[in-house]
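We just call them A, B, C and D in the order they show up, numbering each chain from 1.
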Amino acid sequence: MSSLSVIAGPITLADRYQAIRSFTDRIAKPLTNEDCMIQSMPDASPTRWHMAHSTWFFETFILAERPGYREFDPQFRYLFNSYYNSVGNQYPRAQRGLISRPGQQRTVEYRQYVDEQMLDFLSNNSISDQLEHTISVGLNHEQQHQELMLTDIKHAFFCNPLLPAYDADGQLNRGQMFDSDWVNFSGRICEVGHDGTGFAFDNESPRHRVLLEDFSLATQPVNCREYMDFIRDGGYERPDHWLSMGWAAVQQQGWRAPLYWYEQDNQWMVYTSAGPTAVCDSWPVCHVSYFEADAFARWAGYRLPTEFEWEAGCPEQPSDQFADLLLDKNAAIHPTGQGAQENQLAQMLGGVWEWTSSSYSAYPRYTPPNGAIGEYNGKFMCNQYVSRGGSVATSQNHIRRTYRNFFPPEARWQFSGIRLAR
Amino acid sequence: MSSLSVIAGPITLADRYQAIRSFTDRIAKPLTNEDCMIQSMPDASPTRWHMAHSTWFFETFILAERPGYREFDPQFRYLFNSYYNSVGNQYPRAQRGLISRPGQQRTVEYRQYVDEQMLDFLSNNSISDQLEHTISVGLNHEQQHQELMLTDIKHAFFCNPLLPAYDADGQLNRGQMFDSDWVNFSGRICEVGHDGTGFAFDNESPRHRVLLEDFSLATQPVNCREYMDFIRDGGYERPDHWLSMGWAAVQQQGWRAPLYWYEQDNQWMVYTSAGPTAVCDSWPVCHVSYFEADAFARWAGYRLPTEFEWEAGCPEQPSDQFADLLLDKNAAIHPTGQGAQENQLAQMLGGVWEWTSSSYSAYPRYTPPNGAIGEYNGKFMCNQYVSRGGSVATSQNHIRRTYRNFFPPEARWQFSGIRLAR
Amino acid sequence: MSSLSVIAGPITLADRYQAIRSFTDRIAKPLTNEDCMIQSMPDASPTRWHMAHSTWFFETFILAERPGYREFDPQFRYLFNSYYNSVGNQYPRAQRGLISRPGQQRTVEYRQYVDEQMLDFLSNNSISDQLEHTISVGLNHEQQHQELMLTDIKHAFFCNPLLPAYDADGQLNRGQMFDSDWVNFSGRICEVGHDGTGFAFDNESPRHRVLLEDFSLATQPVNCREYMDFIRDGGYERPDHWLSMGWAAVQQQGWRAPLYWYEQDNQWMVYTSAGPTAVCDSWPVCHVSYFEADAFARWAGYRLPTEFEWEAGCPEQPSDQFADLLLDKNAAIHPTGQGAQENQLAQMLGGVWEWTSSSYSAYPRYTPPNGAIGEYNGKFMCNQYVSRGGSVATSQNHIRRTYRNFFPPEARWQFSGIRLAR
Amino acid sequence: MSSLSVIAGPITLADRYQAIRSFTDRIAKPLTNEDCMIQSMPDASPTRWHMAHSTWFFETFILAERPGYREFDPQFRYLFNSYYNSVGNQYPRAQRGLISRPGQQRTVEYRQYVDEQMLDFLSNNSISDQLEHTISVGLNHEQQHQELMLTDIKHAFFCNPLLPAYDADGQLNRGQMFDSDWVNFSGRICEVGHDGTGFAFDNESPRHRVLLEDFSLATQPVNCREYMDFIRDGGYERPDHWLSMGWAAVQQQGWRAPLYWYEQDNQWMVYTSAGPTAVCDSWPVCHVSYFEADAFARWAGYRLPTEFEWEAGCPEQPSDQFADLLLDKNAAIHPTGQGAQENQLAQMLGGVWEWTSSSYSAYPRYTPPNGAIGEYNGKFMCNQYVSRGGSVATSQNHIRRTYRNFFPPEARWQFSGIRLAR
């Protein structure tokens, strides 16, 4: 039975807790203890750090508030704090790969200790709404780190000339090629942001009105054939397609294709969770930066949608291109467009994160929550761009139409792709 | 008679050309040939480079298009190109301070040569609307560089431990202290952007509708007394006031006050165009970054306005805190709030650029102009924040309510200040 | 029976091979697979990389030359090449910590495979002098990497705020405090360098004449009490003690004591292989750079010896402060001066590497060996300084009076100390 | 009458003072005030800074010691201190190009003021030996800065794409091509270092004995034809010729020829003080780093001499390739080998500095002078290599056989060349 089905039923908070926590272990399963150590760049973290930090979150924000709680190891408070100044100083982010101890075994014990305490707590107490919300933040936080576990280990393995596969047996469907079409939307004042039903992060609120003019969205995300046309047409060689900062990135970092693409015998290859394979025309292009998404759109004569156009246009219907579903059926963690349909908006939820033209900023009258949790989102609202819709590395029950992801415009190691607007 | 009055009358394009071009010389007048050489950081340029580059603009985009035009020096095409890829390669920006030749004398000759050719051309030809627009772009471009001449030389002089004054005789009024109040605006759909009357840059168009909710603007920009309260209250020591990137800037660059402020005998001093002086309580604070403006607003319990709130709220009435007016009356180029009035929106046009919370991005359906001029604005729409209203380093006839200035959030060497909203 | 005793007898090349190879495993024994992954700075390498690279040496320079030899894994030729351009390109040095696969298990298999092949080869062939020499280079090369394994893991663990011990049970003797005295030597022409008996590296040859004037050497290396006097006297605060580059290092890197020293409750603590402990007065100071050795000597009114004074003065008698001896008796890998004697030159061989004032350069008429082995030493003869005598991290049978070690003047992570001359 | 002839006669200290000080002005004569501002890299300084700093030396070390002396400007003590910690803090070296004030005019006044005071002092006082020595240090110090003025402005002009000439009329002789031969020297104990007659820097003392074995020196410095052979033979493409650090420099800095060489229409061009010209076969190669000199020697099958071989082999007879002589006869400041002779050691004094294999270190029993003057040489004895013999940018009466110049092994902007030994 899939982890998703477990979650889909009428379930308790404890059930949810267990399902999400165990999915972290599921992701780590194909990895050796040594794989779990690697930090290949400051933006990425070791698998083990993700496992410990997501546990730290529950220990620090739930358990440590309980009278009589005994910390698993008092030094972890410092070691596994990511960026919460209110909690105290932090071990330098770029040096997370230097921590061999606590080792994998002790990290697993840490997770088990906290899980036992959490489940005991959830069973024997009535949980206030406020507390339930904090726990939900912790679970959604863990799901975010699950996505990072997948993207970070991919980046780490790609630094190894042996190109080890996360799961060499993961199936890679060739998918089906559809021509993209346009779906038109009429201008209007509409409400965007979280409507209060179910969990959402603080950055999705307050729900507010925005004015949209007429716009159209492409039915399909940009596929690899279209992106190869861009490359062949000199996309990476002509500055006029690019933002000035984007062109600087192209030159300084030597970009000439999406991350994980390389040429071999005149064939574009791509490194996936199942190892290297030939690029498939019909697949959505992914691992492109905002700069590349923007340049492609300009080259194509269109533009990226704003995050509100995207939200207004997004159908409720998710795709099946999500991490939990893919792992359940032994598929590779790679966007193949599987299940897309012609002539309608497809793959907006799942597959690839879709860059929007919107700079990441606070919604009107936004105020961060009080306390350390207030450091979760608000302080990062600068020089980042919003992407929407989740990806093959996201869990299906983690995403929603109002969900706002955000990365600097040069970031490429997420499963980020392109949907055009006009 | 002030340069402004010359411009204010019913004037020809040639008059405007002469008035603006000669104001560049006016700004350079107090400087030695050697002063005109300094480049104190990659973001700033030598005075002389500004003088040559603004001339290069007319030569490249107007004169060189004329049959039979003979370039003053063919190598200048490369040497004084700032960032126009369509025009060709560019001399590295960070090395502009290494160019001693052409020297000041030859640079002045270059200006004279181009001026003669331009005036001859303007006198003897009927100028198409398209051409008039390009010339207007050139003149507004030159006014932008006039502002940079003033801000760049200030930065350069401040690197010299002798702290030379741009104009030691420039008068510094103490101004008058007003308590700030709020002016309320009702929510509505309103139109923003250039309405087509008179000159505007491409980034001010297309005019379009935005939805504003109720908002209020402070009548006065934040003054130095208020800002010193922020400092005294640990403003630069507490991360919770700051965006994460802002806090990193505070620590890495050792910020503890606005740029050009330093402590001496327990007194905050500020370096101005007239040299060092004690900080005056009533003056608008300036030379703060977006990060500082944002942190101050959070500390104060308010926020920055969006650029559209700012534009909707801005009265037509300019202040008299502009570069051309100040130089005309031998005043220092420093915002003193002179001429502000109580109980009404004051100093929005002139004084200090006011940071808005708006990321710099394209207006809906914006397309950059064709050709090299298209590189003017669009390609910089990334990781910058909009400021509005002009400053003491702007010419009065260069500013308007729809004018969008933009700088990276860490930039402090412009005369940028803070107006609160709520 | 100690590994040394095994080696000391009349032994075959195969015996030597086995003894030295197994000592590598002995050093790695207290470490987890994850410990073996860490690379804490570009100058250091992961334990596992040392284990693989020293194996690569035998595979590449001995086995791969044999007809019919089948490489364990052809990709290792690239992956574990350190700096031999003649062998091909090299995986970037600073990224050795990113290689989780081959993992520890496979690395051990690699060692076993090569060991079997080597021992088979040594048993069934008559070994030419040339070949025996190359194998000896390989064994001495492995001993050098054994020392680096100890120094590199120490550096790595010190980056972990938990300060894990390499061997928490390693005994740390307090040693005995002797006042240092001088031993005088008369000037003369003497021969230095390897005399041809037994193994030596190419950089110890050709043996040649040097002219020495009268000199004296201190009987004991500088101890921690003396070094604390230097610190207390403002040693790290006064530029006049320091070379200009040394003073820059003090300021840029914030040096105020030897590496691994830190203050706690007004007590100097030192991190050792057995974990943190209070600094002991009588111990030789170690983990000082050439810059610190030079500054200390200047402060003390003396100087460092030249490498030839050192070699001419060094008695044949080694101390018992060597890695193999210490590990055999469960002592910490830390110089304690144990076994030193009063009134005579003590501890020159073993304990701490002793910085000399000699820049590392070729002996007259030196030519590097032909082929890839020629890249071993010669190409590093630039901007490094010679240290002599071996340390607690060296094997006793690896050292000799003519042995030349060399490091950049800012290097501190080796067990390097100070012997004064005058 | 040449400045040299003035100096050559039986002259007073005041005469010497005037002759050397006025030669500084002679060097600056072809430069505009703006040229005198440029600092093109941290290792180089603006012309004006050299003019002020050499003046500062006399003011600080001679005049300021006199009772009643009134400083020209007290702030200059800080502004023009190069690296004398004993004198106080220093303005950051890399920012010398930001100082437009004091301008050229005031700098000239500073020189005049100090000259008047110095000449007055020299006329009206009996000068102790100690004082005369300090003044001589000041004069030799100024001559060193004269050389740097020539090398630094060359580097600065080369950053300008217009490639302005220092003196476009400077004559460039084609010289005469001689085959190089060897002159043999027998091994012996010989004395090196300053013998006490006339002025010498502290680093040339104490005179001491060294043991030389048999050696030979090439009669001519390596010429451009030979160096082009090295280039054509893949000199810059094969790592086996190079020290490891040298090869890193080749790759990181993209070296493929000496500094100031560039290819144009399949012809090697070289930028000289008279502007660009075709490389001439017979000219000594110059502007090569120690790394290049070492690689060339290895490629050629020879080696660089030690500094003591060089000193022992050097004839007393200078060439006429010196800055003062060349400027007197309107020749370019460029080594042409003019005046060399066949079959004998030629051009050792003058022409190009000749890299030796000797690391720059203290002579035995060297102690730096007391006081600030002690910071002159000793503290730089690290990671630098000795070159000998002076160059076309040196004054003839500044050089001697015992003179030790020193630069980091990657430095190329001095007139440094190669003489082979074996």
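Everything that follows uses one rule, which is that contacts are C-beta pairs under 8 Å (C-beta built on N, C-alpha and C of every residue); 3 or more make two chains touch, one makes a residue touch a chain.
Computed from a predicted model, the values in this text were never measured in an experiment.
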Shared touching chains for chain A and chain B? none
With chain centres defined as C-alpha means, what is the inter-centre distance between chain A and chain C in Å? 46
Separation of chain C from chain D, taking each centre as the mean of its C-alpha atoms, in whole Å: 39
Distance from chain D to chain A - Cα centre to Cα centre, in angstrom: 60
Can you pull out the residues of chain A that are in contact with at least two other chains? none
What chain-chain pairs meet the touch criterion? A-B, A-C, B-D, C-D
Residue set of chain D touching chain B in the complex reads 32-38, 40, 75, 78-79, 91, 95, 97-104, 156, 159-162, 164
Report the residues of chain D in contact with chain C in the complex, numbered from low to high. 83, 85-86, 189, 208-211, 213, 239-240, 242-247, 291, 357-359, 361-362, 364, 375, 379-383, 409
